[in-house]
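For clarity, chains are labelled A, B, C and D in written order, and residue numbers in each chain start from 1.
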Amino acid sequence: MSWPPLFPLPIDPATAILLIPAIGVLLLVGLPSYKLGSRFNVLFAFATFLSSLYLLVERPPLGRYLFVDDLNIVFIVLGGFVAVTTSVFSASYIGHELETGRLTPTNQRFYHAMYQALIFSMNLALLANNIGLMWVAIELATMTTVLMVGMYRTHAALEAAWKYFILGSVGIALALFGTILVYMAAQPVLGEGYDSMVWTTLVAKAHELSPDLLNVAFVFLMLGYGTKVGLAPLHAWLPDAHAEGPTPISAVLSGLLLNVALYAVLRFKMLLSANPNAIAPGPLMVVLGLVSLIFAAFMLYRRRDIKRMFAYSSIEHMGIITFAFGMGGPLANFAGLLHMTMHSLTKSAIFFAVGHIAQVKGTQRLAEIRGLTESHPALGWGLVIGVVAIAGMPPLGIFMSEFLVVSSTFARQPLLAVPLVFGLMVGFGALMLRLTQVAFGEPSGGMAPVEASYVPLYSHLALVVGAGIYLPGPLVAWFQNVARLLG
Amino acid sequence: MERFLLDVAHLLAGGLVLTSFMLLYQTRMSSLLAVFALQAVVLTLSVAWQAHVQNAPHLYITAGIALVLKAIIIPYALSRVVRSLGIHRSIETVGGIGPTMLAGMGCVALSMVVMLKATATANPLAREDLAFALSVVLLGLLMMVTRRNAVSQIVGFMSIENGLILAAAGAKGMPLVVEISVAFSVLVAFIVIGVFLFRIRERFDSVELQALDDFRGERR
Amino acid sequence: MAVSATLAAIAVLLGTAALAIAIHRRPFATVLIYCICLGVCLVLLALAGTSLIERGPVQHLTLPIGLPWLGARFRIDALSAFFQVVINLGGAAASLYALGYGRHEEAPGRVLPFYPVFLAGMNLVLVADDAFTFLVAWEFMSLSSWALVLAHHHDRENAEAGYIYILMASFGTFALLLAFGLLAGPSGQYAFGDIRDMAHAGWLEGLVLVLALVGAGSKAGLVPLHVWLPLAHPAAPSHVSALMSGVMTKVAIYGFIRIVFDLLGQPRWWWSLVILGLASVTAVIGVLYALMQRDLKRLLAYSTVENIGIVFIGLGLALAFTANNMAAPAALAFTAALFHAFNHALFKSLLFFGAGAVLTATGARDIEKLGGLILRMPQTAFVFLGGVLAISALPPLNGFVSEWLMFQAVLLSPDLPQWGLKLAVPAVGAMLALAAALSAACFVRAFGIVFLGRPRAPEAATAIETDSASRASMFTLLGLCLAAGILPGLLIDAIAPVAAGLVGQSMPPQASISGWSIVPVAESRSSYNGLLVFGFITVSTLVTIQFIHRFASSALRRAPPWDCGFPSADPATQYTADSFAQPVRRVFGESVLLARDEVDMSPPGDPRPSRLTVTVRDVIWETAYAPISNLISRTAEQLNHLQFLSIRRYLSLVFGALIVLLLGVAVWA
Amino acid sequence: MGLILDLAVQGVQMVLVLALAPLLLGLTRKVKARLLRRQGPSLLQPYRDLVRLARKEVVLAENASWLFRSGPYMIFAATWVAAALVPTFATGLHFSWTADLIAIAALLGTARVFLALVGMDVGTSFGGIGSSREMMFASLAEPAMIMIVFVVALVAGSTQLSHIAIFMQEHASLRVSLGLALVALVIVALAENARIPVDNPATHLELTMVHEAMVLEYSGRHLAVIELAAALKLLLYVSLIGCIFFPWGIASGEAGPTAYAIGVATYLVKLAVGGFLLVVLETSIAKMRVFRVPEFLGAALMLGLLGTLLLFVSRTF
């Protein structure tokens, strides 16, 4: 391809994926009609996704504020896609909520505006070429999700949002302190002012920065952004936020926000691993990852609420991903990226299914949902495929990443693989136990047919299955570059 | 001269830590808010001093923000809330004052050790500042952990923010971005908290976290 | 070429599954789907058979799927070809049987789509040539069979069985995954070819052996990993049970052979000690539990455990001989193992088909409700009897030949240098004989209670003979059992290239020997001629019958049974299955089987009936699995409190983490 | 020429065992009677019984199946084939390579399984008792038999009876292992032939009988065939012991008529002695309770195993 096709908009795509949602916010705040609102929501999300696709073709030159490299483009495109499918899903979901009166028209205006705001802030966080800017963006994202989680204004929802807000803000504070420390470390080398907060310059000069300050900084950043990633013991907000908010938000949280926070952690990991004298960030991440994995795996057993259960499974998988990146090395990093991608797709697909299930059955309590494959075959089997995928069974995508993580770990650090496999087994047992109860046996609860499009659900599942069988060459090459970047 | 500048900066930062301890020590909501306002004033002074020392004028803005927002508006608003809820008298702390103070000491010591070791190369002004800032942050966190009451937790959270501002101010030549973001986040924080207090009052007649915590995810 | 053809056939199977999803509601779906499966299985059988017979070269193929930088490697060598023959033979028989049996299926939508996928998965395992593809196919197989086990999911037991099954399956997969991880090394050389070429450290090989034993054993049903098997195999529809029991376990054996004999290089002698110990225990425990079962299909499943034990005994001997560079005996033992695997695929499928026929005819799985079916379903009874004789290792059928070969291999053990093996192997031989004799007892019980005597329940009294397709399939299998029994030489020669490839030598060619008899080592040492034995028995039977009918009176009178003068019309006075097993229960009794007989004898003068209640629990489950599951649930219960903390406590968690990490940084360096 | 001779020998052997079996039975009964100070029936009584049974009509239970009617012939055929393959008076049996010792044991197993099955066919409680006990005994007797085979095979380097016999003839030596094996084989033989102390061939006290219980429903020609099979089995075991442990006088493959004559003579003597010893043993001990039998057979198994192990020891020096 000699000349990239001209980008349809007068601005460069990087700016576009920020501008489009920003406009969306302003527009959607004012739109009273639900139908129009949801349509426009999908439209804006789709436009954003398209422009992010254009980034693959041609990258705008490095800016002082925004930049695009192999690492964040992965997250941007993935996020764009999940945002589109989720907006499609939320169109039908919110419609149903309005009918049942759980939401008011004001809510839905607010909801759609916030949705766009979330997309905006996440893209900003990913594109930011400045640790301060990234911090701001992530905070913005947190705030918007807090508001959306509390949207039902039920006792439980408020409690969840409050918990999320308090823990989130503490995380914010810690992250900010870490950021300041990084600046302090950079300032003697890069001089005062803006340059000391720019990624590209920071990474370039990483080996000259004071290692001790970086160590302390990484502790704060790991805890601060780790709170957003939902690593145990900082996870407390995550299950409730997933369980009590509107299901599209659960999907977005698991599919996108966790990834964005993880992206921040990875950036700083790159910074540290570029500095020979600093502590290797790997062990810390490995430990946190294992703790989250095993803890979440055990927590899965006693769950009564279906959404909360899958929220814990998100913690489990974030643990696996953190573990993989902590292990480092081309294989493990590749596996981590793959796992992250697959988990976003699968988990959001599961939440799509769960959302409709909760709507038709009129409950989120696991005990009251039975025999789905019989009462709602399309939903039930969709859920089965999703859970089987999330449990890491072939031929679905997550199996490939788990295969790489486990086997490479066992070959390098056999003792580390033991707790890893243990946690995976325990979690697998819990998921399968619940799946057997929910999907099979005598059907119970509401039998009404679902009026919703299965497109989001099955498009995700198709991608996951496809990826499990065949990964396109360019994608692989691209992942391998990133894996090398991560060192 | 250099020495004097340092000492004053040191004094003010130390004062901030001191006020944090006072916060920990308070047992009455109204006095808690008062002390918080005091801390904000001290913060303002120290930031202003930093501005003077580093002759970085933009820091005066930060100082201004701190003064207006933290020393006046927030305490006032919170005390309104507190009175309207009629909980201005008591705060029940966890584990008593004494142990809390000891823990606070521990935190300060820890932050000193960590920071002074880490910033051996940085310029002395920044060193002192960072060490104190870290202890203020830790103390604020400690306060959030040892108070059962929403408002006092919010106060604890704000004192964490104070620590951050102190650190940011200490960081020589740190661009305005950060201060604005801090102010902005505090603003957002306050708004959201306000919203929440409001909603919470709609539902329960207090901001006791117990009332929130009785749900805790899944009924057991 | 053969590889691509095989893959094409597998693709057809997958397409069939898609088709089944589309049309499973139509009336003709069942017949159509099973016809396609039958055809594809026959094609695969032909492909594998030709490449095995004409000893074609090893063939490779790499597709650009699977692991990106590796691709999906496929390869067909003698070993794969042999097991493909076994599997597709079973698959074809099952499909033929299902043409009739499948019509009774109440939920075809839950069987038809997964059945072809299951077949495809098993075939895929056999042709996979890199760790990733192998594991994908392996889990694919487990997954599809899991779905089939859950076909009748309304039954609580089945749901539990499915759960335990999938759990054990993925446990095994993890073990294999770790094994491959070790073999592939940090750089991730997952292609089997590279693994073969690599040299491995000693401890590593030992670990890989254990992991392979766990991984393949959990699928094959090696004690103590067998617990899922007697639950899951009976839960599925009978033709699927036949596939799982008769065929899928063979895939597991293939996996074990592939890793230990092919990838792992020169074995150590103590490996064989481990395997022999496990295997002989498996054989005896399996048959003992089979002898205790009242559910016909569960009985068959337990007997599968026993036969797997026998096969592993053969493999263990082969390892022992290979470790000491005794190629000829190794070839003998290896051939015996594969021979038995082949036989088991035949007669176990046959028996499961019979069980399925009985199930559809009577609707009763509890054999205490059956009886006298030989009069109602004479043909089924006949083939089932054949299967019973075969699985009880009785001449002139095939079961005997493989066990005879195995005994011959055992008899060569004194030449082994290691004392441990010298002393262990004869004991293993005794266990083998014990297992064989017990399985004879077990199947006499099964056949006697189900088919002989008088009906114990109305269901049995009104049974009717099963449909023609099922019978055709069963008779075919019986014919194959007989053929393999009387002409074993052909099969041994077919196995020869496999043995040559893996243990370095093959048994002497048998086809050349006069009169179709088989000579494992030397004419002077031992030989067996199934054809002649069969001929002898037939001839002498005919002679006797002729003689009797010539010279004896042919008068015959029907009368009530004599029964020592006290005939009772009540079928309840017959010997029951539990009472038949009672002597063995008493001998091997409480310790091995956790068997309890509670006799509740009513005091004199009390008209209340006395009862004997028999409970048999799986000792392995009680001692190994129950504790683990309890431990996990208790831990979960404890940790669950963390869901219900207050925000303040969560904050203190964060605070604690921060302090700990800061301390860490403080003390670091 | 040699082939014809071998075939002739084989044929003679088949007829001979058939002809001698009832005689051995008669002998044991006669001797037993004498030892009990009774007159006892004539030696030929078993033949007479068989003929009488063959002449009687068959009384068949109403629900007896085809298996019940064809069973006796299967049992008889399997036993006969097994008996025909054990060298009695000459080793040069043409078909001896058809089946080795293991196969012969297995053939007897076939017969046993059919016997146990027909016992359950009519659906009486006694048949069931008999079958279940028979199978329980067998499940212990067979491993013991295999152990014996091991001992012999390890000594003689073959499981082929003709070769074993020849080997024993040539280098016969007193070996502890062989002694143990002999004892074990005797125990197995007692159990397999339903003799005292395991079972009482003469009893009709229902609860104690095993073999009789299984054939309880048979009558007429069927019973005759089964009785003959039982007699054959006894003969088989005696001649098995003879050919393995006392192979003297057995004519080798290409011997002259005199050798064959000697072979037959010695064989008859062996049978007589064997039968006599058997009876002496039977009369000197009492029948044991059913659940003592497993220990009895277990002893045989242990002896066999011990023999194998001792063999290794003795081999090493």
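Just so we're on the same page, a residue touches a chain if its C-beta (ideal position, glycine included) is under 8 Å from a C-beta of that chain, and two chains touch if they have at least 3 such contacts.
These numbers were taken from a predicted model, which means no experiment stands behind them.
Among the chain pairings, C-D comes first (most C-beta pairs in contact).
Relative to chain C, the chain whose mean Cα position lies farthest away is B. Rounded to whole angstrom, the centroid-to-centroid distance between chain B and chain C, based on C-alpha atoms, equals 69 Å.
Chain A and chain C have CA centres that are 44 Å apart. Chain C and chain D have Cα centroids separated by 35 Å.
Each chain gets a centre from the mean of its Cα atoms; for chain B and chain D, those two points are 100 Å apart. Residue numbers of chain B whose C-beta contacts span two or more other chains: 114, 117-118, 141, 144, 153, 212-213, 216-218. Residues of chain C in contact with at least two other chains: 643, 645, 647, 651, 654, 658, 662, 665.
By the document's touch criterion, interfaces exist between A-B, A-C, B-C, C-D. Every residue of chain A that touches chain C in the complex is listed here, in rising order: 162-163, 166-167, 170-171, 174, 212, 215-216, 219-220, 222-223, 227, 233-234, 236-237, 239, 279, 284, 295, 298-299, 301-302, 329, 331, 371, 373, 388, 391, 393-395, 399-400, 403-404, 406-412, 414, 417, 421, 424-426, 428-430, 432-433, 436-437, 440-442, 468-471, 473, 476.
Within the complex formed with chain D, the chain C residues making contact are 371-372, 374-375, 378, 381, 385, 388-389, 392-395, 400, 404, 407-408, 410-411, 414, 422-423, 426-427, 429-434, 436-438, 440-441, 444-445, 447-449, 452-454, 517, 523-529, 532-533, 536-538, 540-541, 544-545, 548, 551-553, 555-564, 567, 571, 573-575, 579-584, 586-587. Considering their complex, residues 643-648, 651-652, 654-655, 658-659, 662-663, 665-666 of chain C touch chain B. Those residues of chain B that touch chain C in the complex are listed here as 94, 107, 110-111, 113-114, 117-118, 138, 141-142, 144-145, 147-148, 153, 209-210, 212-213, 216-218, 220.
In the complex of the two chains, the chain A residues touching chain B come out as 130, 132-133, 135-136, 139, 143, 146-147, 150, 153, 155-156, 158-163, 165-166, 169-170, 172-174, 176-177, 179-181, 183-184, 187-188, 191-194, 196-197, 210, 212-213, 215-216, 239-240, 243, 303-305, 308.
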